[in-house]
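Heads up, the next two complexes both have chain A, just with different partners, chain B and then chain C.
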Partner chain A sequence: MNALAFAWRSLVRQPARAGLGIAGVAAVAALLFDMLLLSRGLVVSMQDLLDREGFDVRVTATASPPGTGPRLRQASRSAAALMALPEVDEAVPLGLSEVAFDAGGDVGSQQASLFAADTSRRRPWTVVEGRDLAGGGQPTGMVLLNRNLAAELGRRPGDSVTLRAFCGAGRSALPLVSLQVAGIAEFPFDDPTQFSAATTLGDAARACGEENRDEADLLLVASSESAGAENTRAAIQFLLPDLYALTNEEVVARLQQGEFSYFRQISTVLVAVTLGFSLLLITVLLTVSVNQRLGEIAALRALGFSRRRVVADVVCESALMVGIGGALALPLGMALAGWLDRILKVMPGIPAELHFFVFEPRAVVVHVALIVATAVLAALYPMQIVARLPIAATLRNEVVS
Partner chain B sequence: MTTGTGVRPAKAVVEARDVTRSFAMPAGPVVAVRDVALRIAPGDHVAICGPSGCGKSTLLHLLGCVDAPTRGTLLFEDQDVATLGDRERSRIRLRRIGFIFQRFFLLPMLTAAENVDLPQAEAGAPKEQRRQRTAELLQYVGLTARADHRPSQLSGGEMQRVAIARALANRPTLLLADEPTGELDQATGAQIAALLDRVNADGTALVIVTHDEALASRARRILTMRDGTIVGGENGS
Partner chain C sequence: MAPNYNSKMIRAAAAALLSLAIALGLGASPERARAAEGPLPDVLVSRQLAEAAGLAVGSSIRLSADPSGGSSREFRVAGVYEPLPDPMRINASKHEARLHLPDLLQMTADPADPLSTETVDAVNIALANPDGAREFAREVRARRPGLIARPAAGGSSEAAVFVVLERFHLAIAIVTIVASTVFLLALTVMLVDERRETVGILRLIGLTTRRVMSQVVVEGLIIATAGALFGLVLGIASEGLVNRYFQWHYDTALIFVRITPDVALRSVAIAVPLGALASVAASWTLLRRSVLFLARR
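Entry: the complex of A and B
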């Protein structure tokens, strides 16, 4: 009977204790797994959201996030200049503003986010019903609504809507603009309760009463296949040194340093805490188990079992307990992560498509590595007890006791 | 069947030369075994008697290479045990010595057959050979029908018989028994004594530590210990 089989028999010798121990390890390890998912979940999810749009470089006037800093002047000219670069496949100026739709009847108006873009092939939204906006920056008199807004306004593709833009000049000074609903679209960064709409830069400028205005909050840039985001960013920065270009990776890195750092820190602390609990739990279980069997272990040593063998039995018992608990922790952790994700996403302003807990093979690898290290560390003290066990004195004590 | 190697070398199985074993205690060292000289020949049958605390078990542990003398020389098959590391001493205990304990120390999660198989597996014996040897030994101790029973399903006498089978598993030259009938009633103790006689008759040297006069009287040599020394028999009066 090898050490592993022997350890298994030792473990199941007291099924209730083994079961409780494994359940404890599974619960703590599930929490550990969840914290590993949380530590990179937002980063992975945000990167996925950014990449899903099809643009891999973002250009703004300053280092401030889009919509919070100064706007890009001559946005169409800048986009055209970027399009001339061999590294750039497409450049889309995008304006962000707030508008109020006339909901009619007793409802009054409904405030919404308005995305204004001069698109050609790629779009920072996905049309799910009706048709898309025509390409180019000219006013078309068309608008896209997200599902929430369409439902709130009771509009379908082909219907008309009236809106008033907030352009920093005050609501009352701006005229109402009438647009036709081209289709229903999904916007990747919408939260579940958000009202969003999209139109062309030309229509947005018209709503602000400035038909000749050529401004945007950012330029969305798609690199050519051969260039890659980093080369494209460098080329943009060289061509337009006054602007601020970031790849998606850099955007995510900035978020990781700022808004996301809280979750990373909390996950790091909880990983340390859960590892500590795992270590204590397994050490206590193994130490109790070993202390209950000192007489048997001394007898095995007297019968000729080597020190290495009896130590291996303890390590294998630890490995089995942690291995089974750790394996059970994966499905348990995934279920727990789904539940926690739903709770956290209730927070205001969180995009519906953004997830706090994201499964990655890397997390499983780290989980397994940490669990293995915990099993070995937890076994150290009981291993020491077994390795240093004085055979004769233990046998004598067992008889006396 | 034979329980031992079948070979009876002329040299002593184990020999203690003026062996002393003392233990450090807060109040000062306690000498458990003092200047004991003892030679166990192949096929010997020795009983060590004496009052509790006289050093019988300590001497047995020294003879079984479980403990090391503080002073003096202990030779196992002419090898000085003091020169051997833990691994070598474990190997000697595994292959050349069998132990029987008062409290049996069978592993409760294993069946009788698995308990007997365990030392053979540790010694690296092939599976089929182990299976045959285990069956042979369980038949030898009269427990073939109980092979698949766990210790909790066996009586005290049956557990001690399984322990004897386990001790003989690797065909030791020396069998050491520490109060083998200490936990058994008189009738069961007599059965175990008879079994041990048979083991010795089949060629295995046997050293028994016991308070049981009936068991001791079956030995060819009876050594009496007092205060760590042999006072009757070998190097005593």
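Entry: the complex of A and C
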């Protein structure tokens, strides 16, 4: 009988003990797996969200995130200049502002985020009902609402809405503007409770009382098929050195260093704690198990089992316990990740499409590597006990006791 | 009335201006300040900015609202301050400055809009009766449609973030407790099994199952209490280490881990009964067996 089969029988012989040990490993390994998913979950999810829009470079006036820093001046002219680059397939100016819709009745007004964009082939939103905005950024008198806002205002495509824009300092008393609802749209970065709307840059400027204003918060750029995002970014930076161009990867890397770093930190800490915890507990379980079977192991040695063979038995027992527990941890971890994800997604401002725990094959690879390392390390001390076991003295003690 | 909003906006705007000015190399020396005609307006800079830009009290710097650095204005660093620890801005750059409001408005005002020099992002209001904040906010909204007034405390999204994080930490703690309990059970099953003969002899010499069980419970309680206290000491010992690491990492004075008496009590209250229960559960299967089974070799 080989070492693995022998170790299996050792486990099966005491099912309660083995079952509890495996269950403990599975629970700890599930937490470990979840922390591996969390360590890159936001990054992977955000990258997916950004890529889904179809734009792979973002251009702003300064290094500040869009909406928090100075706006891009002469946005349309900059977009036209970028469109002339062979690396650029499309460049769309996008403005961000806050507006208050007249909700009528007791509700009064309803604040919402307003996205203003020159229309293009790619849209930073998806129309789910009605029709999209038309034209090339000129005022059309049309607006798109998200489902939350449409429900709150009780409006459908074809109805009209009245809004007042907040356009920064000095414009607190802007007049009300009426727009017609063209359709209902989904915005990728909306959180489940967010109220959002979209219109053209021309209509947004009209709402701000600045019809001739040509400003945007950022330019969304889609690279041509032959040019990669990095080449496009370099070409933009060369053409417009005063502006800041970032690829989606760079945006995500910035977020990882900043806003997302808390979850990376906590996942690193918990991975370390979980590994230490499981190492300690598996070592204790194996050590106690080996200590209880010292007489049996000494008898096997006396019967002719080599030292290497009994050590291999211990390693196999550790590998079986950790291996089965680790394998069970994958489905358990996925279920647990779903629960934890639902808890975290309640956080205000988190886009509905963003996930904290995202499955990646590399997480499974790292999980397996860590589990194998834990199994080997946990078996070291019991292996040493077995390898140095004095056969005669152990057998004599066994008989005397 | 949103007490932090105004200061945050002004700080953010000022930080953007100042960091831009520094980045553009517009910072000047104390000598320039001394050479300037008339007293320069004062500005306070954060410790982080002072360290990064090599500023000291008395230094003069130029600030501009224009990304290109145009129309800049000279200021004198009157002091260096430690930014108020704010968990919501833990990852934000702490390169910030505080200006007198008229100085900031003078730089940011739109010449074409006479109202812009009279415009602020928010007004902080301290009420004589803080309990009436909600009522006051409602009254302001009713009197001035278009204004947004809200109480600073309660129901804010910032508070909700921490409520969610607390739930997340609680969920992690529950999983850890479940895993520990299973391991503990496995260990106690092994330890109890090891003592099968001892228990058999105790039963043979006349001790009742209840007597042996009470011994197991007391033993479990002692071990669980010792383990919980050890865990508590370990937690308290590592508290400073964790805080120092994160304070260094985020360059903040925030406290990340604080073991309060309530937390300590809750830990002990969970760990001790769980440990004792694990001992009892593991022993129960053994004690149900007959005396002869327990005593036989």
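One rule holds for everything that comes next: the second predicted complex is superposed on the first by the 396 of 401 C-alpha atoms of A that agree within 3 Å, B and C clash if a C-alpha of one lies under 4 Å from a C-alpha of the other, contacts with A are read in each partner's own complex, and residues count from 1 in each chain.
To be clear about the criterion, a contact is a pair of C-beta atoms (placed from the backbone, for glycine too) under 8 Å apart; a residue touches a chain by one contact, two chains touch by 3 or more.
The structure displayed is predicted, hence computed values, not measured ones.
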Quick one: chain B and chain C on chain A, clash or fit?
fit
Chain B, chain C and vertex chain A (Cα centres) - angle in steps of 10°:
90
Which of chain B and chain C A:338 touches, first, second, both or neither:
neither
Using the touch definition from the top, say if A:276 reaches chain B (first), chain C (second), both or neither.
neither
Which holds for A:392: it touches chain B only (first), chain C only (second), both, or neither?
first
I'd like to know which partner A:20 touches here: chain B for first, chain C for second, both or neither.
second
For chain A, which side has the bigger count of touched residues, chain B or chain C?
C
Report for A:86: first if it touches chain B alone, second if chain C alone, otherwise both or neither.
neither
Between chain B and chain C, once the two complexes are placed on the common chain, what is the minimum CA to CA distance in Å?
10
Set of chain A residues, in rising order, touched by both chain B and chain C:
none
Residues on chain A engaged by chain C in the complex (per definition of touch)
14, 16-17, 20-21, 23-24, 27-28, 30-31, 61-62, 64, 68-70, 100, 108-109, 111, 164, 169-173, 242, 257-259, 261-262, 265, 269-270, 277, 281, 284-285, 288-289, 292, 336, 339-340, 343-344, 346-349
For the complex, give me every residue of chain A touching chain B.
1-2, 9-10, 12-13, 295-296, 298-309, 391-392, 395-396, 398-399
Sites on chain C touched by chain A in the complex:
12, 16, 20, 65-68, 90-92, 108-110, 113, 115-116, 119-121, 141, 145-146, 148, 157, 160-161, 164-165, 167-168, 171-172, 175-176, 178-180, 182-183, 185-187, 189-191, 193-194, 242, 246, 249, 285
In the complex, chain B touches chain A at residues 57-58, 61, 64, 66-67, 86-87, 90-95, 97-99, 101-103, 105, 107-110, 114, 117-119, 121-123, 166-167, 170, 178-179
